[in-house]
Amino acid sequence: MYTVCVRDHFMIAHSFRGETFGPAQRLHGATYVVDLELRRPDLDCDGVVADIGQLGDCLRAVLDELNYRDLDALPEFAGRNTTTEFLAREIHDRVAARIANGRLGPNAAGLTAMRVTLRESHVAWASYEGPLP
Amino acid sequence: MYTVCVRDHFMIAHSFRGETFGPAQRLHGATYVVDLELRRPDLDCDGVVADIGQLGDCLRAVLDELNYRDLDALPEFAGRNTTTEFLAREIHDRVAARIANGRLGPNAAGLTAMRVTLRESHVAWASYEGPLP
Amino acid sequence: MYTVCVRDHFMIAHSFRGETFGPAQRLHGATYVVDLELRRPDLDCDGVVADIGQLGDCLRAVLDELNYRDLDALPEFAGRNTTTEFLAREIHDRVAARIANGRLGPNAAGLTAMRVTLRESHVAWASYEGPLP
Amino acid sequence: MYTVCVRDHFMIAHSFRGETFGPAQRLHGATYVVDLELRRPDLDCDGVVADIGQLGDCLRAVLDELNYRDLDALPEFAGRNTTTEFLAREIHDRVAARIANGRLGPNAAGLTAMRVTLRESHVAWASYEGPLP
Amino acid sequence: MYTVCVRDHFMIAHSFRGETFGPAQRLHGATYVVDLELRRPDLDCDGVVADIGQLGDCLRAVLDELNYRDLDALPEFAGRNTTTEFLAREIHDRVAARIANGRLGPNAAGLTAMRVTLRESHVAWASYEGPLP
Amino acid sequence: MYTVCVRDHFMIAHSFRGETFGPAQRLHGATYVVDLELRRPDLDCDGVVADIGQLGDCLRAVLDELNYRDLDALPEFAGRNTTTEFLAREIHDRVAARIANGRLGPNAAGLTAMRVTLRESHVAWASYEGPLP
């Protein structure tokens, strides 16, 4: 199995609801360094999993929807805890939708899985991995 | 599949038995930077894989049993080579026992796997991954 | 010249005023990974620049004053842009005040300079270095 | 499942063919930092996945075949795009052949899989993972 | 003293002349991860050393002059060994010229020094630091 | 000012004397990842600060004197706390002696300073910088 990965980041404000979060119930924020991995069993005709230039642009476009935002104020996240895990899944699904819409070109049909990892500090990260249709 | 990871470290002395280890048969030591990953297919009711505060405390408690120790002098390791791989498994099993004892609360029932990685230098690491019951 | 460094982090929300900041004028946030360096020309009687356990506790105490906060709501920062550079200086001065108050013990009299570096992402950081009295 | 990993690097020149590569169609180069991972379900009689000294020597020997080379001039790569993904597979297969030839000793019979990751910058990497016979 | 740093990278081919370089006399290449640091004793009116958006664009523009190039074929480097140290100085001088031309705006008059570091692998780097006029 | 740096590591056992060290008074150990930096105001005739191949060999030779050792048992350290700071100075002086003995060749006469940094974990390091004669 082949994997390719590109890295970028975004910076947001948010707060969590639930006693388990302790002081993180207060309004605070985070830098998330994002690793986007794509997998496929065979390389495409150019000899790559995906073009990392296109892939980086696609990731950047998704992160720009969240970057420099207060996630507590975004309607799509109303009533949700925007935890690191949750955001990893959210970014996974948004990138997957763009790939399904042809954002990475026709060769992307060979992609079989995507993993999104969000590093919130030098000592903690979370990820979500799911299949691509 | 979701994964969450926390990082910590411990520092020990030990020696290895067997010609294959060359100069590492002498008493020496290591800093191990430890990555503890937990996996589950769905998030719990708070929107997390596990609370990283509790998880970090749990890992710290296990590492404190080994930290600043000469592993050659610990009865539980008598006759064993405490290699990086061996210690990754040992920490995996000790954390798994604490989770089974409720250390991470009732939501931990949804956890399905754990991986423990020990980085012994900037050029070598080892890990053990196993299921959680 | 000897230097010792300890690392920790904190997570905050804030916004900036001034057109130069573009979208960072919106409420957002950051994880800052903090490196605290202390310098002295000679080691103390224990053979160290400072005890890294005490130093880490001192840094943690200062970061806890800021951690999980909306910096826009803190009276001490009213009317200021809490940029990475500004916060590096702020943490420098708070740690220096604690050292002056004996927080690191009498041996700290030999310390001559402190540098505080805040890494805001994998591609940007800022620092402040100043003398210790 | 146990994994052990060693890291090394090599530096090459090459160019790519195909419009998708844009300016990378020009002669350029790369440093690849290589992570070689081996997996096995149980440890060998020494308590390791593989001896990391032997493993590092084996990886070094394979990288020396490519290091400080213009890959466009190597007959074995004629007509191929030596992308990061392609090179990860190439190194995987060359190390696997050496293991099959006994380079890691008889205990290597227990190895079940190998992953080779090539980091081409601080923001991009690719890998290939395949079974060992 | 305040410092701000931004990171980017470029990828080139080149070869060295001189027996001391051994196999690096052959055509090969490198990824250079570049850290560009600027220093000033006081912050500007926005509370920063320099705008990291503008600074990143300025660094990117300089690196684009070298990126995906065979340095042996560039007239400006004829007869020179384009070592990591040499390239650090070259990038320093090119960025300094752009700052002198107003690329970072009038506030840049307060800048006093610049350091450029090129990381060529996980185990080697070089830098050049010089004053700004 | 130009700087070049090479990285390597060593692994040792030791213990500390003095109540300030708490549990580190017990026999334990550490991996030290070592960064060796050399500085000079102008490049040599090859266009480098020093040959990194020779420099890496020189550092390796010094680290081999300590690697896989119990520092408590080495006569040269009797009665000393082999702290990270102390070891940084020790390695500095041993490398400096080798350079003075011609280990890096005659061009090394232009070197003006050396810094040695020892990273003992992902959250702590120490260094010593001194002039070269």
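Residue numbering begins at 1 within each chain, and the chains themselves are lettered A, B, C, D, E and F in the order written.
The definition used in the following text is that a residue touches a chain if its C-beta (ideal position, glycine included) is under 8 Å from a C-beta of that chain, and two chains touch if they have at least 3 such contacts.
The model shown is predicted, which means the values in this text are computed figures rather than measured ones.
Which chains make contact with subunit C and with subunit D at once?
Expected: A, E.
Report the chain pair from B-F, C-F or A-C that duplicates the B-D interface, where duplication means over half of the contact pairs agree by residue number.
Selected pair, repeating B-D: C-F.
When A-C is set beside A-B, which has more C-beta pairs in contact?
More contacting C-beta pairs are found at A-C.
What's the rotation, in steps of 5°, that superposes subunit C's Cα atoms on subunit E?
Subunit C sits rotated relative to subunit E by 120 degrees.
Where the centre means the average of the CA atoms, what chain is farthest from subunit A?
Measuring from the centre of subunit A, the most distant chain centre belongs to F.
Determine the centre-to-centre distance between subunit A and subunit E, using the mean Cα coordinates as centres, and give it in whole Å.
About 31 Å, centre to centre.
Which whole number of Å gives the spacing of the CA centres of subunit B and subunit E?
The answer is 41 Å.
Residues of subunit E that contact two or more other chains, please.
Those would be 7, 122-123.
What part of subunit B is in contact with subunit A in the complex they form?
Within the complex, subunit B touches subunit A at residues 1-8, 43, 46-49, 51-53, 56.
Which subunit B residues qualify as touching subunit F in the complex?
On the subunit B side, the touching residues are 7, 9, 11-14, 23-24, 26-33, 67-70, 73, 120-123.
Would you mind writing out the residues of subunit A in touch with subunit B in their complex?
So the residues of subunit A touching subunit B come out as 16, 18, 20-22, 80-86, 88-89, 122-130.
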